[in-house]
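Structures given as structure tokens follow.
Both complexes shown next keep subunit A, but they swap its partner, so subunit B is in the first and subunit C is in the second.
So, the complex of A and B:
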């Protein structure tokens, strides 16, 4: 799975696309892992831009759960932005909104996670 | 909208074939993509549940059965497995929240069926769990 990355200020924005399902969850996890190490206290916060993710199943949620745990253990900050309708439903039904901070837009997420100047 | 059950091996590798059958039926009846995605999600979660909890890793020589049919009014899915009797529609309220807070998101199939606009009926017949689902197109 391609995981385009860009820096907005000191915030890493990662933009997966397509489906995070039984066929792609492992690839997503492998692609994400490299960015999580720097997502620690004093490091680079991560925003997952989900505008291009149209589908996520529980195997994808488990990848996010592991990422959340790792970042939390490192005292880092991670958030998800721009959920598409089905993904938002999945987050609400699964109560995953209790695990991740979610924002309507990448801009709002970046503003919230950006370290103070 | 009756169609014949197809048999699939009890393995995640069966999912592409199952989703392809759903995709073909939906395409033939011009089912909107948001409805298709919801059906795919429910079926993926049902298969995961069958493999993880129903067959508990002993899926060799076991099977999953599915039939799909569609018309302009909606899509019908018949899903069967031969695991111990289990009604995925009987998910406890709050189960999804407890699962996610415990660090193991699960039970999503039953929770989705309960939360989405899906008509669902479960019965145990002939040693199989049978779930009849209808996803209406509104």
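So, the complex of A and C:
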């Protein structure tokens, strides 16, 4: 799975696309891992732009849980933005909506996570 | 084949509380304002129109399911506190003077799954034969210890029925009570076992107290094969997925999300959520059911999977 990346100010925006399911969760995890080390206190916050994610299954949600734990242990910040209505439903049904900070847009997430100037 | 649920709650029996009954009454009465309820049957029709969480209850007995198959001998899955009302119904159906053989298949030996045995009245009736099938070598010890002083007033040795223990192996087929029976080891403290029962044309899978680790694809496929083409899968859906993979990881239970995914991969026809969280009230279980049905729609990639939430008294005919 490709994981397009860009910096908006000092915030890393990652944009997965397609389905994060049994067939693709491992690739998503591998692609995401490289960005998590810098997501620590004083480092680079991460926003996952989910606008292009069509579906996420339990194994994909597990990858997010692991990322959340790692970032939390590093005192970093990670959030998810622009959930499609269907993927938002999956987050609500699985109660992952209570685990992650979510924002309606990437701009709102970047504004919230950007370190003070 | 028919499944009757006598105990559907996880971990410990619970009861509807007075404040919960009051909340149900308030909801029902408030919704009845301005409705014409004078006609004969109007009140009954109104009550039947209410949600099950308002007009009924999912119940609070711990795990016990009766399976009625072609063999004629009663088949029971676990002996939680639901075994007590089951015993009363069996005596009502069969009469006290009709000795017979009962087959019990145990998922495991934790209290909530064996606590109904001392209250299962057929064990006090001479001539009855109770065969307890288990994959735990210590099954007899667990049942005898439960009734030993000072925990219970009637010692196991005083039971009038003949009680036999049958320690079985996993991953092989047995012919018992007119059924083809197969057990599968599951992830739970002290191990638990799922049961796959087939009567020739219909298959029921009972898989409770079973945690599924999401990073073990070979184990996932093992359960998919165990559930393959089942007409009914009774599944431990005690926690939300978020809880099951975080604060309640390694507690030995699973979620509604994993239930749907495994059943869809297995092309099972019906899923029954089971082993409900004891902290949940009826409204919360109803919400889990609605959520699960919606997740089934979202994730569907084939024929639809029917989804129910078990309640004490539910009957499902396969």
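The rule is simple: the second predicted complex is superposed on the first by the 117 of 117 C-alpha atoms of A that agree within 3 Å, B and C clash if a C-alpha of one lies under 4 Å from a C-alpha of the other, contacts with A are read in each partner's own complex, and residues count from 1 in each chain.
Simple rule for what comes next: a contact is a pair of C-beta atoms (placed from the backbone, for glycine too) under 8 Å apart; a residue touches a chain by one contact, two chains touch by 3 or more.
Keep in mind that this is a model prediction, so the values were computed, not measured.
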item: Partner chain in contact with A:57 - subunit B first, subunit C second, else both or neither; value: both
item: Subunit B versus subunit C as contact partner of A:85, first or second or both or neither; value: first
item: Touching partner for A:7 - first (subunit B), second (subunit C), both, neither; value: neither
item: Partner chain in contact with A:23 - subunit B first, subunit C second, else both or neither; value: first
item: Where subunit A meets both subunit C and subunit B, residue numbers; value: 22, 55, 57-59, 61-62, 65, 69, 86, 89-90, 93-96, 98-99
item: Footprint of subunit B on subunit A - complex, ascending; value: 21-23, 54-55, 57-59, 61-62, 65, 69, 85-86, 89-90, 93-96, 98-99
item: Subunit C - residues contacting subunit A, complex; value: 214-215, 217, 220, 240-243, 245-246, 255-258, 261, 291-292, 294-295, 298-299
item: For the subunit A and subunit C complex, residues of the former touching the latter; value: 22, 55, 57-59, 61-62, 65, 69, 86, 89-90, 92-96, 98-99
item: Contact footprint of subunit A on subunit B as seen in their complex; value: 12, 15-16, 34, 37-38, 40-41, 44-45, 48, 96-97, 99-101, 103-106, 108, 111-112, 115-116
